[in-house]
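After the structure tokens below, expect a handful of questions from me.
As written, the chain order gives the labels A, B and C, with residue 1 at the start of each chain.
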Amino acid sequence: MPRFVARRVAPGSSLKNLTEAWRGKHPVFKQDQCIGCQRCFMGCPEGTIYQLGKKRFDVNLDYCKGCGICANECPVDDIEMVLEAGCEEPVASGGGKGSDAK
Amino acid sequence: MISMLEGSKAVAEAVRLCRPNLVCAYPITPQTHIVEELSRMVADGRLHAGYVLAESEFGAASIVLGGSAVGGRTYTATSSQGLLLMTEVMFNIAGLRLPVVMTCANRAVSAPINIWNDQQDAVSIRDSGWIQLFVEDNQEAIDTHIQAFKIAEQSMIPVMVCMDGYVLTHTLEPVEVPEQEKVDNFLPPYNPSYRLDPNDPFTMGSMVGPDAYMETRYNMHNDMMDARLLIERVARDYEAEFGRWHGGLVETYDMEGADLVLVSMGSLLGTMRDATDELRREGLKVGLLKIRCFRPFPINAVHDAIKDIEVVGVIEKDISLGLEGTLCSEMRSAFCGEESPDISSFVMGLGGRDITVDEIKQVARDLANNPSCRVEFRGLNEELIRGDEH
Amino acid sequence: MEREGRIINLMEPGHTGCAGCGQAIAARLVIRAAGSNVIVANATGCLEVYTTTYPRSAWEVPWIHSLFENPAAVASGIEACLKAMGRYDGIKVIAQAGDGGTADIGIGCLSGMFERRHDILYVCYDNEGYMNTGYQRSSLTPFGARTTTSPSGALSWGNVTRKKNMPLIAVAHGVPYVATATPAEPRDLMRKVQKALQIEGPKYLHILVPCVPGWGYESEETLELARLAVETGLFPVFEIEKGVITKIRKPKERKPVEAYLRPQKRFAHLFQPGNEHLIVEMQQIADENLAIESGPAVLYGTGGVAKELENEEEEIPPKAGSGG
């Protein structure tokens, strides 16, 4: 009888891999000014922001890597990035916004 | 009913009888007649299969991979340069455990470019994880292609049927084409659960790291070794159903009391049988060993066939440059750490050079006189060897 | 992830893509728009590696990875075989790859798929380099960009060639629907996917996806940069339907190319003294792009080196052997 390894991998099995430890910050959804544009929800590379209502979104922190796109995209500043406990603001890597460094 | 059929057409008939869902190949001499015949069959409605005209052999192999991945029975054919071009996909198909069947119309490889028959192409990718069967004549080509689909689908290992280009593909021989009903009986429809289907989604072709890659390869190897029994069994089942036997993994000829055995693969065996008969009449006790299954290599069958023989000569149409003929090296592996016959490598017929009965007889006589282990190219033009750049 | 018994993500989280990965955003949108009645053939590349490292897979749809250069061919086989077996009802076949797998190593198979008119949507995730293997130059790396194989140094100033015009190559094959998009306009992207899937025949969708480590920027800026690429004109967004350019995105507020170049480390060398002409050339490319009008698609943009160099009297930096 033939035997197989890694021939069929279960769909959606990546959900077992929590990527929360990647981040130094996470978004806080203030749910105060939200206009329901869905830019946070559609812009999340992980797919870990979910919609609770027409103007209510929140994040499943199991998978958030803290990229900050949601907060950056929100047109009404209703999302704020806060540092993880024990994390410090990273030193500017030189070459981000407006830098002329090599 | 016996028909006079060109080897290529005979293969096309066999493939048609197996009811493939998808046929896709890129033309290359000397395989062209096979794919042309199949396309004629599709155009006339004799073969109901998807027929895709690929942009290269690489594309063709990838296309049949895709077809097999959705549960289709798929077929392709190639030779020489085409086989080398699709090598990446060959390893991929084997690793994905897809039961693709292909014909390799054996042809020499570039450079220099040469379109005539030798077996360098197929032996060069013997590590790929494909089962490789070599056929001796056009009848065996028909029968082996039908067996190939069954072997592939039961083992989930792709199968390559090798037939000597031009020598078999372009030669008319009397053959019996089996009846559709009998083939349907022998080869049920392919209906795997292992297929891409929105109703049962899964991921095929993961990246596997050092933590699991070895185990996948181990299983592939093991399953290949187990396939030796399967290949033998399918050949016997075929004999029971259709009444024809061409050997299982190997076949022997006239081994009774043999002092010396000659070994080969493919169409040359036909000529060697004649040579053996003549040598026996001349008083030289020669036997023949036909290697029908090259991968998985039948070490046990080979061992048993020649363990009591003192001198063995492997005549083959390939050379692993820097060592010897590959079949010869493989033969030696059947005798690990124990006393083995003296096994010599005779490289002949490269690039389509004809091999005559007399040349084969001379090999046997030379071996009888001097049985020492050696590697020899036979039938060389001494003048040319000296080089042509003066 | 399931909510109320429904799977809501067809590409699930838990994948190991970089934080802020533009391709992840785009790929999620593509599969969201395509739905679950699909079969996806994916090339080797970032997306493949970070979504399907054994034993995990992010995909909730049937998905196959074969090799780097053959998703178009594998998809062709899938489509042809499903049709031959009579199992094709409503299934959408999608082939996807990065810019390397599309424009370079994969272009042969892609051309075959286009030419044979398979009913397949081909998606190119263009992050403008071979990012998975370490940010090397591809034929879709833009003029002036630094990559690990087209670095800027004492004698060179980065990539010397312009982007290979993949949308027009598709049009030249007679592909009935060709479109470009970015994940900065997610609804536009999804609309294009859905529109494409309604059309029979080959379709080509080219999506610009910023790459955090490859382009060198802060992860939160991914969509901002994608937006700037469109607003400066460096990445034109349009649809070409049966050879006619329609629906060109004209930015409401046009921005100079510097706004897009400054935030990215891969363009940092352009701001050194002596390299002004490179930015001029890039502005020219942007201007040409924004001059595209609706109407029959004509050949625009030339591959080749900066025209300014013809007039330079001072030492001309030799072309850094990148095969331009």
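Note that a residue touches a chain if its C-beta (ideal position, glycine included) is under 8 Å from a C-beta of that chain, and two chains touch if they have at least 3 such contacts.
The structure presented is a predicted model; accordingly, all values stated were derived computationally and were not measured.
Asks: Tell me which of A-B and A-C has more C-beta pairs in contact.
Replies: Between A-B and A-C, the larger count of C-beta pairs in contact belongs to A-C.
Asks: Point out which chain occupies the most central position, where each centre is the mean of Cα atoms.
Replies: Given all protein C-alpha atoms shown, the central chain works out to be C.
Asks: Taking each chain's centre as the mean position of its Cα atoms, how many Å separate chain B from chain C?
Replies: Each chain reduced to its C-alpha mean, chain B and chain C end up 43 Å apart.
Asks: Calculate how many whole Å lie between the centre of chain A and the centre of chain B, each centre taken as the average of the chain's C-alpha atoms.
Replies: Comparing mean C-alpha positions, chain B is 54 Å from chain A.
Asks: What's the distance between the Cα centroids of chain A and chain C, rounded to whole Å?
Replies: 23
Asks: Among the residues of chain C, which are close enough to touch at least two other chains?
Replies: 52, 54-55, 57, 59-61
Asks: What residues in chain B touch two or more of the other chains?
Replies: Only 96, 201-204, 206, 208, 212 qualify.
Asks: Chain A: which residues touch two or more other chains?
Replies: 6, 9-11 - these are the residues of chain A that touch more than one other chain.
Asks: Applying the document's contact rule, which stretches of chain C touch chain A when the two form their complex?
Replies: 1, 3, 7-9, 11-17, 19-22, 24-25, 28-29, 51-52, 54-61, 183, 186-187, 212, 216-224, 262-263, 265, 268-269, 271-272
Asks: Under the definition above, what is the set of chain C residues touching chain B in their complex?
Replies: Against chain B, chain C makes touches at 36-39, 41, 48-49, 52-55, 57, 59-67, 69-70, 73-85, 87, 91, 108-109, 111-112, 115-116.
Asks: For the complex, which residues does chain A have touching chain C?
Replies: Residue list for chain A touching chain C: 6, 9-19, 22-23, 38-39, 42-48, 50, 60, 62-63, 65-69, 71-73, 81, 93, 95-102.
Asks: In the complex, go through chain B and note every residue touching chain A.
Replies: The touching residues are 96-97, 155-157, 194, 201-204, 206, 208, 212, 215-216, 219, 222-223, 226.
Asks: State the interface residues of chain B toward chain C in the complex, per the touch definition above.
Replies: Residues of chain B touching chain C: 21-22, 24, 48-50, 52-56, 58-59, 62-72, 74, 88-89, 92, 96, 196-198, 200-209, 211-212.
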